[in-house]
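Starting off with a structure, shown below.
Chain nomenclature is as follows: A, B, C and D, assigned in order of appearance, with residue numbering initiated at 1 for each chain independently.
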């Protein structure tokens, strides 16, 4: 950087990403169309996908002034684990498709930030690999695939590898209708069309990582490595869905698993109550990022009634639609202990590997911190509904 | 498909249609502008046409988790007929204009899927032709054109040909103001403008079918075939509308017809009650796909009050705006026994003849099935309002 | 039109206008930018201009079926005058700027259709000229310009020329802020910029009529003709506004005028009540087509409370935003005796002179007629609120 | 201007600005991208920035007719100072970046119009310079930067220079996340990128003023002049934010300052009540023009509850989103004594220096005057809620 009179002279403004949206733009440039479709797709017409965002915008934050909020305490506790910020990484399948170092990079970035990754059953790196790459107190997400034998083995492996908290996903009875994804043929192995060959020329970094490391598919379901893994994964994925899962199955899992357990995908208050009555530590209010049932309510809209119904008997987390620190703060004000982010960390991962994930967490932490300063809250514990307007009336009434 | 290392190599991705919207795009490419205008047109400014879609989006589905919905039973009963899926084909006029094999292909596709076509009075194939092409238990839609003599003859022909259920359309007192259609001159015979001659070059398949088979116009109103039929149809169509129809006429039809009878085009609860009190088996809640009265309510919005008013004394069906499995499920949750689809099956027909109609029915059946799995319903009979949020509040409250 | 096999062959589809929107498109092509700006402009940011349309769309029509509406009676009575349709022509200033034959053509078209033009004080043809061009029972709109001497003279001239009904405009205390109009300099005489000289080449018909007939300005305020009239008009127009008008002035006018009298521009129930208590025959609910106070309510939204407050003690008319037969029917259902149309008839006039005005009235009459058939109403007198949903709830509830 | 027959001939229509929006367009053309970003930017996604405008549109004005409003009295009183119009200039930082003569030009324009500028702590001209450039009775805005020593010195300087009213800003606990601004690098000194060098060629006037006068940065925080000032300002700006400010600090300031004192940035009724109970003269309802907390309510939506809570014990002003005279009138109807405008006067300043500021004030005064005539109000004092519809129901009900 040369100096020219009173100016700094730079030939190019690097335009460092400053928001999740910036990382999204970078990720979209970095990824082939088929992976983009997998990353961004919503079920059917994307009604719930869009509602996840617009619902957040409808709640208004009501700042309190002169509250002496010099330093904001962002720490929260989830399942007995203290987190440095109220944001954890959601379980995402086949994370290696976004960057070859997949869940390992994400888990390390979470650890560096003082939070956690929930490792997906459908991960590109195995339960054991991710555990080995990071410290202790891991979190595992369970797809109840196959039968109790399969599930039992997964739970045993997770327990043996040091996973403590379990997130049981209940909203994938069948695979949601993500047409963009189906249309672009995100199959393993990918079909080579002329368009994709051109794409490979434009995105050599992704294709090189992909071909070099082959970290696309379901690492937990294979013992070998290499091509066979890829070949089997999708068939397996389709065949193992369990629409017949019942509360009995949850009770069985609850008995089988010693640590904290969350039911993920809850949108109705009764289901949240049933979960804690069945011994769950808590629930994750989620519509699976709009990827499963199109027409499901936005998770932030579903949250308040669930918090009321659970009434302190369990923890309530939230995912789906979080993109800003203000979203996080709104969820906490409505009673969530923390939020999970899926796409935001994948944007960072796709754009810049583990460093991108770290930056996304930093950006959100900084935004949460600023928002707390601006509304006059000194700590996450102070956040409650008094900081929000009514959802349907964007005014701040006395209270 | 050649193999290149770990890839399948395909020169072109065929992009098979995966949704009604995909078939719509194909149909639009396949059809001349004048037929497209006929297919897509709404009355006046299309306010009701658009509301039919946006109203469905406003209702939220509230999933129940862990409901053991391993296999979903999509069967329903309409007018005593068991259907394999809660979707039948609506009566559509001049169906031969979309594909020369018109109602015959549609009726056969419906039969294959275990459902029914409601044959329009204004069909391109006659009552007898369609009956001959399919099995038994046919459904007929009656436009009360002309006088009781004409109506009586139509009813006698239908009964003689094995039609059992009758749908009396009451919302075409006059032809709706479809300006696109009027502007583009969907007259029979069509006027040849230079633009159309170009169009014929671009869509030889449609024009060949049209010129070869001449299956555009009102087959039920002519005895002969050929050009005379085409020449007379529009004039006839205009002249036979009956704005003077009254409840007395319905009573007369009710007496004249032995089988189940539905009044079609109902949007007010009182009219539905009057219909069942006049001996109707049920009603079809419909605004004629937004083609008649612009400013009429969306049919899904009109449904609940009608179901409440009928209170089990009759069956309630719905059409207008159904494009997705979630739409079907929402209508069933609000009390409909089944829905009718018009444009969706015509998209399939225009794109790919009878096979397209079959595929549209398959797509909707699969979407209904997935939606039921995702909301935790095992059968159509289980669907009720507890699966829906309130229309104005997109949240799932306890219930 | 040649015949080619089964086709009619036409070299060009003339695309006859079929709606007010079609005439609008034609008018926009026919007029220079400065006149278009005058025709289409709303005050400030056009919030009320847009609300006038969107408010109509929000009311839903609830059809009654099988009502034996063979023939619909469109007649209504305004100020004791029987009209063949519930639509009259609103007063519009400088109507000669749209077509040189201005108010004379409009008044004749209204007469042919069995309705009336309300002649504006700011007309391009004088009180006497318009009266001479048509039969009897004329309607006059009064801008209370200048002082009681000026007003008195205008009233005397109107009475002497056979005008019976008087419409006193109260919502032009100052000229609304129509920026488009001000920006494009619709001054008299017009400033010639290079852009306008090009425009003149593109629209020779308009410019010829304008230069040949000089029928732009305020015919009622001049005795001579020719250039002086044009020169004086705008200055006069600005200077004569009367923001100081009071209810005393209305009382004075009421005393001075023998025939029916309407107060025009009413949006509050109290003002409507005050008007009828001051002896007015009725009121015109209007926001001046969105041209005066931006932020005023849509007139259709203001109507119901005014009808309720007047409670039958006076007639209620409506203008602002009417473009369709369904709009007319909605206004009648909410209690208006008739509506006035401004821009719609000007579109017809600009596009095709008096014949265009006639066609616009025919189109609206046909649309009103069809709408009545489709909702099951036999006459204007039958229309009431039971044909409408609640404004905020687009459903048809029992009633 | 030559005469050609009945026309004036002009080679070019100068298109003088007629609204704040016109000045905005001009300002955008006049300014380099980095300054535009500073001028137009909102926090995060601009939700509150947009809501500030859309909220005004949602309130409807309900005109009263025939109210004899010949002359409208626009005067109001703020902090004991009589203003000729109910609009003052908001404090804006680094105003010299829009035009080199910055706050001096703005303060003079305000004085000419009979109103005031609130001088920002972050001004480009110092407290003393602005005081010297204008008459008496100045208004000063305080950022409570640094510690009580710094604040005390600022207050002493302001008092000594003749400032009487003080506006304490409480909503900048941290700098809002204006990404556009951060992305474009509005640093001091500005970084020179090739894009900016091109920009300098396109906008020589701005760059000349900038380089010649160096009036970008924080004049109140430096004693010397020239480059050092610029170099230090941003670092200073960041470091001096005071999120730890409390009601005790306000009490201390209240004691320290003799004149009227307003708390600025209030959005909750409790905070307004606390402010007046702490001795404040009043509050400014504001979300800092959408630049601080994204998701804060629109200020016009927050106003009514605050006016109710204050209940006459203090004055209530409003800023954020005012662009039209109707906006001003709406705020006054809801209980504000006056409004502050920020961006509107900066548009004028950027486009045309002090003359542009004068014109913007003239335009708003004329619009307020017209609006009052059109709703039938003779003076600012008469304005109350009876001139507005309910926010959620755009109708004018009796009242």
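Basically, contacts are C-beta pairs under 8 Å (C-beta built on N, C-alpha and C of every residue); 3 or more make two chains touch, one makes a residue touch a chain.
Note that the coordinates shown come from a computational prediction; the quantities given were computed from them, not determined experimentally.
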Residue-number overlap at the chain B/chain C interface, same or different (half cut): different
Distance between the centres, which are taken as Cα means, of chain B and chain A, whole angstrom: 41
CA centroid of chain B to CA centroid of chain D, Å: 58
Junction residues of chain A, two or more chains touched: none
All chain pairs that touch each other: A-B, A-D, B-C, C-D
Parts of chain D lying in touch with chain A, wherever the complex brings them together: 44-45, 47, 51, 55, 170-171, 173-174, 176-177, 179, 182-183, 185, 189-195, 227, 230, 243-247, 249-250, 263, 265-271, 292-298, 301-302, 304-305, 309
List of chain D residues in touch with chain C within their complex: 1, 4, 6-13, 15, 18-19, 21, 57, 59-70, 324, 326, 330, 367, 370-371, 373-376, 389, 394-398
